[in-house]
Structure formats: C-alpha cells, structure tokens
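A single structure is presented below for examination.
Per-chain numbering from 1; labels A, B, C, D and E assigned in written order.
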C-alpha cells in the first residue's frame, strides 16, 4: 500500500516548498491550542490543587465529576459553546462565533477538566507527604495550594502536555465554533477533516504527519527544558 | 436560549421512554470504548512501566515520542486504520472495516500513547522510591515491572479513566473506520455528530448529556471501588 | 547559637500561655483505639521527655498536641488555643502556636537553602533579611557547604538537622520534637541538645520524644511514659528514674519484655 | 529467633565468598566527589561497624558495596561478584548476593504481612510455606498484632523492625545495615542486636552503620571510620577504641569538633 | 472604518465546498468587489439551523423545499435559483447488481434492492439524502427494513459516505460535482445517470436582517446579486475539473 509512503512524500514536499498557506494554518493551530492550554492549566492546576488542599462537602463529588468530564465529547463542547456564542445566544452580541477566540474558548472548556482531574491525581500523592508539615507551619489554604503546585511542577508538566495533546488533535469542537473558514479559522485538524471528506486521503495523512511532527517538536522542547531543571535530582 | 433546557427535557424523555435504539447505541459505545480501554491499559501500563524500569538507549526518545503521540489526531488515526483495513489495504482480506472491531482497533491506537505517557509519569515517582529496594532484592526486570504496576495501582486508575474519557468522547477515528452505520456501528458520539449536521442541536445535546451521564456513572463506580480499596491508607 | 530575633519581645508575650491539658483523649483509627485514654497536663514551660516502646503512640501524642489530628473523643486545651487575641498575634507575627519536627524529616523538592527560606517567607520575615537568616540557620545545622544541594539528596542526618534548624528559625512558643537526634552523630546530638536547652532557657516549651535514655536523663524536667496508648507515668525526672511506677516502664528502661 | 530455613546448607555454600575489596574507589555526583578515595578490604565474615559523622559517606559506602551505585572510578571486587557459578546459584536459590536494610525503611503500599510475603515470593519460597514464614517474621519483629495494617501507617520503629525482619527472611550471605536501630526502643534494639549476632554466628558477613558508639563497642569485630568520603581508620575494635588513629575519629567519639 | 475588511459569512453545504467551486469563484468575486466571503460548510440541516440562529449573512444550499420553508418562516428574505447539477449512482466496477447503462433510476434502485448488494445512504437528512429517500419511495422499496443489512445509513457527509462506499465497494447516490472532485474513488465508477428525476437545484438567500440586525444585508445582497448576475453565472459555468463542468448556472435574470 503506497498510501503511507505517498503521504510522507507529500508531507515532506509541503514542508519543503514553504507553502505559506500551510504555515499560516500551522501557526493558527499552535496559537489556538497553546492559548487554550495555558488558560486550562491556569484553571485546571488551581482546581486540581484546590480539590486536593481543601476539605469541603461535595469535594469527592467534584473530583468524580472532573474525572467524568475528561470524557466530555468535543462535539458536545462545540455545541454548547456554539449555543452560547451564537447570534441568538446569550453572548451573541460579542460576535465571537467563527473566530479563533471562539476556538480557544471551546478548547479551554474541553481540556480544563482533563487538566484538573490529572493534576488532582498528581498533587494528591504529594499532599499525603506534605499535609501535616504544611499544617504545622499554619500555612493558609492559598499558601498550601501554591506550594503544592510548585512541589508538583515536574508531574504537572506531563499533565499540561496531555492537555496540549488533546487540544492540538481535537477537531469536533473547533469545527463547530470555528467553522473551518479558509484563511480565518482553518487549522490543521479541520483541514485534515476537509481533505478526508474530499477523498484526498494522502494529503490528509500528510497533514496528520506534519501535525504529529509539530507535537513532537513541542514535546521535545518541553523535555529539554525539563531535563535542565534536573527533575530526577529534586524529586 | 431554550436549547439547553430543551436538551435536558429531550434527554430525560429519551431515557424514560426506554428507547431501544438509544440503548443499543449506548451499549455499543460502552462495548467499544471499554474494550479499547482495557487493551490500551494492558499495553500502555506495560509500556509505561517498561520505560520506567528499563534503561536502554533511546528510552528518553521513546518517552518524548509517547508524550507527543498523546496529540495524535483521531482523524489521522482513523485514516491510518482505514488504510490498513480497507479492502485494498494489507489487512483488507479480514473484512474488518466498518465493524465494531475496527472501531476498537482505532480507539486502541488512539489511547495507548496517552495511557503509556501518563502511566510512565505516575510510575516514575514510585520508581524513585523503590528502585534501590528492588535492585537490592535482585528482582528481575519483569518482577520490578509487575510490582511497580501494583504499587502504582491507585494512580493508574486515574490514568485509565483519562483513557476511557478520551475513548468514549472520541468521534473522528470511529467515524472513519466504523462509518457510523445505523444499527451496525453507530455509537453515541457519531450519533451526536449526525444530529448536529442535521441541525437538530437539542437532540444532539441531549445525547451529549446522556453520554456525560454514562461517563459519570462509570467514574462513580470506579470511585466507589477505589475508596473501598482505602487508597488514602495505603499510599 | 539559637537565632535570637528581634521578635524576642513578641515571643515572650506569646509564651504567656496556659498549661497544655489532655482530658480523656481517645483516638481511634478504623475502629482501633490507638490512643486509649490520655489524661495529663504539661506545664507551659520546661522540657517534657516522652518515652515509650515502639508503637506506643508517642508520635500520635505529639500530633494530637500540635492539633494535626482531632481526638475521637476528649479534648486538648491550653496553650494559645483558647486565647483568640494571642492566637491572632501569633499569626500576625508569624510565630506559629507550636512547631513540630517530624520523625521522618519532610523535605520540599528544593535546595537546602530554599527549604529554610520557605519557612521564613511564610513567617513574615522581611525579604531582605531572609538570605542572611538562612545562612545563619545553615551554619547552625553545619550545612553551609550543602546549601545548594537538593534537600532530598542530603544524608539522613543532614536532613534531620535541616528540619530542626528550619523549625527553630520560626521561634515557636512550644517545640515538639519527635526523635530529633535518632540519626545524628555524637557532635550533632550535642549541638542539638544545646539548641534545645537554649530554647528552653528562653521559655519555649519543649516536648521531646526519644528512645535515648541517656538523653532523657540529661535533658528531662519531667518524663511522660506512654504504653499502648496510655500514660503510665508522668513524673519529674528524678522521681521517674527512681521509680518508673509500672513494670512496663521498668522493662522499657531495662530493655526487656515486661514480666507478668 | 532468626529464621533457620532448610536452605541453610545452600547458604553455607554461598558464604564461601572472597573478601570484599574497595580499590581506589571514587564516587562523584554532579562533579562533586562524595567518596573521595576508598581503599579497604572487608573480611568475608565477621561484623564490620562503620562509623563517621553525618554526611561522611557511610550510606554511599553501603550502596557501593551492595552494587546499587557504580563508582566513578576504581573497583569493588570480591563477594560472589566474580564467581559466576555461585552467583547463578544465589539466583536459583533466591538468596541475593547481599542484602541491604536502608536508612529510611522502604515500605510497599501493602500490609505489613504482604510486605514480608513479597520478599519471600521473590526468593523462591514455596507458596504453601509463605504464610507460616511470614508469621514467624512478624513474631520476630513483634508485629503480630499489626500484620494487616498498611505498612506505611506503622510507627517509625515498627517500620524499621519490619524492614529488618523482611530482609533477614531471605538469608543473605552479607547483611548491610544502615542505622537499623536508630529509632528502636531499648528492647527492640537488644532483639535486633541478638538477631544480628545469630546471623553472624551462621557465617553471614555483617556491615553495620551506626552512630550508637555503645552499640559499636558491644558488637564490632572491626571498625571502619569514614570521614568526608575517605576511610581514616580500619582497625579491630580494641585497636580503634584504644587509638582511633586520627583527630577526626577522636573528635567523633568525643562528640566535639575536630581541632586543627 | 477605512481599511476594515469587508466580509460576509455564507452558510453552505459540504458538497459545494468539497467540489472546489468556492475556491474558484470567491477570489474572482473578491477581486471585483473587495468583499471577502467566509464559507462555513456544514450539513444541510446544520446550515439551516445556523441560518435560523443568524450565524451568517447568506445561505447557499440544495434542499429546495426546506429552503422555501426557511423563507416562508421569515428567516430568509427571498430565495433565488443559482445553479444545478445532477445526481448519479456510483458503484463497484464489477457491478454485481448489473446497473451499468440503466438510465431509469427507479429500475436501477430496484436492481440494487433485489440483488441486496451494499448501498451506502447518507442517512443525514441532507438534500442528497432527502432526494434518495424520495427515489426509494417512488420505487416502492422500504429501505428502513433493510437498514443495517445491505442498506447502510452512514449518517455522515457526502465525502465520508463516498469513502465508505469505496472502502466496502457499495453503491451510493452522489451529486456529480462531489463525485468528480472526489479523490478516493477506488473501484467505484458511475453506473447510472441521466434520469430527469436526478436533477439537483442550488438556491441562495439572504438571512433576514429584520430578525437579525447584525446581518450585513448590503454586502450579502452584493454577493447574491453577483452570483445570480452575469459575472457570477459565467464564473460558475467556467469552473471545470478534469475537463468537466461541475455546475450549470440557471439563475433567473435579476434586477436590483
């Protein structure tokens, strides 16, 4: 089956020819997903830490809820954000539908539960270790929370990468709220979906290969920064 | 915008009316995703543990690779599996395309890297703690690996749930290899996508609500089993 | 050698606290009574040494005292617990009510230097003073050369010294120490004992768990003997070593199994 | 009290090992020499007690000896390392070459019972014998009543006893102990010392790190004094306590700072 | 303000997008008017729903009765015919149902049903799907009974359905434009075409600015005017792929 090798060939040619259109699509993909991941990490890390540090009624229920929301289908997220941002929706006046902002919102909604649930897991292990120490120092909740996040920094990087992976590969939500408009809201995954529906499978696969290459690049950079931080020595 | 409340209404009515078609779709969703998750966990846990326990050249590269593959786009996975299983593909003779088996294969390919990368993260923390102990007992690689998996069982449950979340919510891959064929390969997410494209957004959202409810149910059951295992006491 | 901060005056004020009192304290975990019944009163100053076999409940006793665990029944009163004004003061000046040095040193995933700086930062020590105070603490713990080593890579004794120096920096009104010299070399043990004596001289309440009977003899004002979750003796040092008051305590001191 | 298995004959065979020898051993981590240069030979039996200040490198020395760390330069030879036939035998019978009890007990996330069973299972002990052997080990560690408590919830001393009992079960040819009685009560200390003596009597090589000079005096055949990553003395007990051989060792024993 | 880009959003279907028509005519329109047209290509039903919600300025689809209802309900201003093409039946080269050359679509469907060879239906209520079901009804065949057996409802767009047909060697009904542009034909080829009943009309309408104030009615009118006017019609006619014309302009002369 020559499809695969053909796809690699096309991917290589595309990259090599410095296709401007391809680069702008790649750029938008990264912009949307990285923005969404940064917001999701800000929110999700805090949620994960708060669920770990604070004991309050409903805490366990919330933990289960966030675990369950890891299974939020992108299409459903897309629909919900669509309904809110639609001209006849509550935030319709903002005119955000079919803009990159809408895509960032949708991806943020999608990934935040994942980041929250996984970081709660990472931080709980640490909390076992530090809880009594923190309490003996009479740290406030906020102080505990920030300290825990810092102590868990190495594990949280992987959580962030999982969030990034889900964001950059996601198509259902951005398709609905972004509309896959050429030159405006087209990103790698929606382009892949479009090419697939055109039956140009090799091109679709080529785009997929490029997307994975980007993902590899991002992960490699993170890994390099991380190994500079001497994870193994501190942990 | 009444869409939301309408969606809840429809979801409730659907569940209440014991719609046979709905139940068979739910059943297939669960069957496919749970099968995929079980296989992915078997593979991913082993990979994660192997990457943690064994030191070999290329280990770090593999770790980065699996982290990057968390960003594998479902559509691309779908395409690849499609090309392999297609009548003109290498495994075409098996006639698996457009069957639940094909969907399980696609989801397995999609989730295994996620499970592997996250479990490597969970297990590395433990490995720090146990490495010298295991070596002083002269455990074989296999023994180390199995022990590490057992010691990490509580953290791995969350990893498995993340995998389940991704599987049950995924639509791009199963759509391509399953074909969303009514009564044969239609599952919750593909049904949602279909209703969305029909513009029956409330019904789509209702199905989404049911899907999240199922996800909640699964997570709650897991949480109950888990709290019976007295996680906090052992960790 | 103990860091005498300019907060000494506040600290002295803080030390005007009530005796610490256990009233019918019971602690059950999973239905098992680990602290069966403890009644005792600890003076608001002086050095109380807690003795007792492994698993007697000494560490749990300290945790209860420090308010890290809630008793299943009974109450622990005294200290600054009931005096809201003072407790507020304690929080404002950053001096915690009590300070516990755990049996297993808890090390943050940072350097030795940062481990100490962390504690100072959370006790309202002005930013520009932190670095010099940390250096002093490191000198006390004789860890000057290990300042920038990740704390979790330090040797067992080094970690224990770091944990102790870290706690002393915050000038607590009561210092609870769980086997602080268990893995210290003789010199470090002497220095630690000296530091504790100085804290005592400043009016800090000391509660120290140890298995080192020599140490108990050297340091104790009063001795509390715990056995299977009960206080079997609470006497002055002299009285205790003259008559431990129970065959369990006698057996403990002799290093043998109590006879029926 | 020490578990005398029916594998005694094999164990004796295993114990026909060469002296353990350090040749110009240097260990650097991140460019810092932690073990600066160690040359020494440990007899293939007898009790070697390792003394030295905190951070001297005693635990690193044990790790190197147990093969858990590779020296940056130099070589560690002897034991069963070079005798492939015997090493194979050791693996077949499940007796490891050496066995190390760490300074901080490493507890599996299981019950006390399961912690011991785990070690047995990995040393080819037949299934039907495991339960009774575990019970014996628990009795040795006086943890019968704590058998089904998660190990990480045990008290400090209980964990230390569990770790030791767990290791003794596998009947090693050399037993490396890192401050095994640091947080034990006097009775447990006596029992542990007794267990070590019995292992010694069976021909097991003992290497024991301690800060308890009394213990060293009671137990040592020979004493190895480590200071700042160097062996400053390796003498028989009598010779060492008569003349420690360096001002550092003398200062260590006296619990004071070495004078220039 | 000056320099601000003039742009409108057109809600349309995947078939117009997949055929490459927009990529060909929109740059021409932009060159002539300076207006950027942003196309959101979704399922017909979704396009209509988005239109009803006011998420766009212009609607261009091919489901005449639904479009007329859209206008009648007051969501659209006025519907104009734009162009047409036709539907064809494609199927495996081996042609197990012996369809080749059968011009009569009803007879062709009958052959498929009696041979019980796999037929992929979009099953998504799109214009194409509605047409297909209408044809089965005319042929007197109750496909619902065979759903899941030889009659496969894919519940997805034309492209996805063609991918499926190609993957399982099934027959399917597709519009000619999508088919010509489609790249993953595999062993499929056109087996039945030319029946008058396979006519496929596209219509365009402005979303009602009285309902949705933000609708850019002037720019939208410009686009509709251009599309149905001489220049647009010529542009549509001149779009060819592999030497074949995909759409045939048939707008009534429009005045504005």
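Keep in mind that, in the parts below, a residue touches a chain if its C-beta (ideal position, glycine included) is under 8 Å from a C-beta of that chain, and two chains touch if they have at least 3 such contacts.
Note that the structure is a prediction, hence the values are computed from the model and not measured.
Counting only chains that touch, the fewest steps needed to get from subunit A to subunit D is 2. Using the mean of the Cα atoms as each chain's centre, the chain most removed from subunit B is C.
At the far end from subunit A, in terms of centres built from Cα atoms, lies D. Looking at which positions face the partner, subunit C and subunit D present mostly the same ones, since more than half of the interface numbers are shared.
Chains A-B form the pair with the most C-beta pairs in contact.
Rounded to whole angstrom, the centroid-to-centroid distance between subunit A and subunit B, based on C-alpha atoms, equals 17 Å. Subunit B and subunit E, compared by their mean Cα positions, are separated by 36 Å. In terms of their C-alpha centroids, the spacing between subunit C and subunit D amounts to 30 Å.
Taking each chain's centre as the mean of its C-alpha atoms, subunit B lies 46 Å from subunit D.
For subunit A, residues touching at least two other chains, in rising order: 86, 88-89, 196, 201, 233, 235.
In subunit E, the positions touching at least two other chains are 42, 50, 157, 160, 163. Of all possible chain pairings, those that touch are A-B, A-C, A-E, B-D, B-E, C-D.
Subunit B meets subunit E in the complex at residues 82, 86-88, 97-98, 175-176, 179-184, 186, 190-191, 193-194, 196-201. Partner subunit A is touched in their complex by these residues of subunit C: 63, 66-68, 91, 96-100, 102, 106, 108-110, 118-119, 122-123, 150, 152-153, 170.
Per the touch definition, subunit C reaches subunit D in the complex via residues 52-55, 58-59, 103-104, 146, 154-158, 161, 178-179, 182-190, 211, 213, 251-257. Considering their complex, residues 129-130, 132-133, 135-139, 143, 147, 151, 153-154, 230, 233-235 of subunit B touch subunit D. Here subunit E touches subunit A in the complex through residues 9, 14, 17-18, 23, 38-42, 50, 53-55, 157-160, 162-163, 166, 181-185, 212, 214, going by the rule given at the top.
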